[in-house]
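Consider the two complexes below, in which chain A is the common component and chain B and chain C are the respective partners.
This part shows the complex of A and B:
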């Protein structure tokens, strides 16, 4: 089973929705209403089924706004700073995220896929 | 402020008598119930799982029961006699831990479920100097008690 299918299946089971409703571009919080308790369940489900270590803060971009503040205070290039914190995300995706911040939580299903793929390659 | 007294009909609120085995992925214990309502074994299992979380995090985290899935409770009114309590770690992250936990007696229909716990750093509300020592002491006591 591929990574996207596995992630969709876990989301569908935990949120009690149809997996067909979920795409790579689906926002977890904005579209699916994922809450903090769901994130914790997702993390252990990914660890259990995929056998990878899960850093909750990293996979779910939990400290994104903190890192933005740090980058601004340190006068660092924001995209480069975020790339260090989120090595699974391409710089193009990080630029998209920065443009998308004003509309709410930015995490998409494709970010989870990137994280899991990155961890599997490390593995 | 009005004081409220709550009678739980329990002698204390630790619902585990003994830990017989514990390692990175599994924990086993026992509890002798005396006329306890069946759902109270859920609390025993939650305590067993939480103890394992604390053990594998080196007692450096405080933990909470978040959720129980697929919980099965046997159709009996009261729990009586010695029950085996068992738990296996199914998955974990830095902040969450999921277990299959079950309570059985004489290999009959178990009370079981999938329990998820969250682990957080100690803070002002959950003071490390009090809680860490308390939970270490409990585990030591469980291991020594026969």
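This part shows the complex of A and C:
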């Protein structure tokens, strides 16, 4: 089973929704109403079914606003700084995230796919 | 009353103390399988001696809060198969706030609070997979009644109680619940030694005029692990014969 299907299945089970409703572009919080306890369950489910250790803060971008503040205070290039913190996300995606911040939580299903793929490649 | 349990295997942290082995024997009699942890050779030997007539009906494994990473190997050894956690683990520390050794204090909180949080994180994630689990923390009336020299012990117990309370609050709707049992003077281990030296003074403060017995604690913990106690969650129960109710 591919990573996207696995992630969609877990989201569908935990949130009690249809997997067909979920796409790569679906926002977890904005569209699906995912809450902190759901994130914890997702991390446990990914760990169990995919056999990788999940860093909750990293996969769910939990510290994103803290890192933005750190980058600004340190006068660092924001995208480069975030790329260090979120090595699974491409710079193009990080730029999209920065443009999207004002509209609410930015995490999308494709970010979970990127993280899981990255961790699987790391072994 | 016949107690029923939604699970079989119970991990008992701090498993070499008298209370823990007493509980383990009661568990075996209730057809549960206790896994007792020890942190020293003496602890391992104490468990063997106390559980001698229950060969094959329990397991004893190494775990030390001072080495929190040992929680991973502990869970590996039991194949992540745990239904209940009973936490007796607690280091002792007696010092006045104004005279404590700073390094000793930091080490104490690291072991007895941070390491315990690490254990709870691991256990919570395991229980989330099963969508059920029950955790019992054995605290002390010292957490609520101050005594000179017991500030650090009380602070660690209070902080740990808060962790258990929050866990029960956060995960109750996922089937994971917690209870803290605050025990008063117990006729076992360090408590027994203290009571023997200060018998008159101690018993005059306890309305039932006697310490709590190991069997009473074991029966109470078993009840709190059972289905009959499902209504108790994220709370602290005091078992002290009325000690802290009075002035």
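In the analysis below, the second predicted complex is superposed on the first by the 123 of 123 C-alpha atoms of A that agree within 3 Å, B and C clash if a C-alpha of one lies under 4 Å from a C-alpha of the other, contacts with A are read in each partner's own complex, and residues count from 1 in each chain.
The criterion applied here is as follows: a residue touches a chain if its C-beta (ideal position, glycine included) is under 8 Å from a C-beta of that chain, and two chains touch if they have at least 3 such contacts.
On a predicted model such as this, the values are computed, not experimentally measured, just so you know.
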Once chain A from each complex is brought into register, does chain C clash with chain B or fit beside it? clash
In the superposed arrangement, does A:57 touch chain B (first), chain C (second), both or neither? first
Is the number of chain A residues in contact higher for chain B or for chain C? B
In the superposed arrangement, which partner chain does A:47 touch: chain B (first), chain C (second), both, or neither? both
Touched partner set for A:15, first chain B, second chain C, both or neither: neither
Who does A:37 touch here: chain B (first), chain C (second), both, or neither? both
If both complexes are laid over each other on chain A, which piece of chain C (170-178, 188-196 or 206-214) hits chain B? 170-178
Taking the contacts chain A makes with chain B in one complex and with chain C in the other, which residues are shared? 37, 40-41, 43-45, 47-48
Using the touch definition from the top, list the residues of chain A that touch chain C in their complex. 37, 40-41, 43-45, 47-48
For the chain C and chain A complex, residues of the former touching the latter: 124-125, 128-129, 170-171, 173-174
Residue numbers of chain B touching chain A in their complex, please. 66-67, 90-98, 116, 118
Residue ranges of chain A touching chain B (in the complex, touch as defined): 37, 40-41, 43-49, 53-57
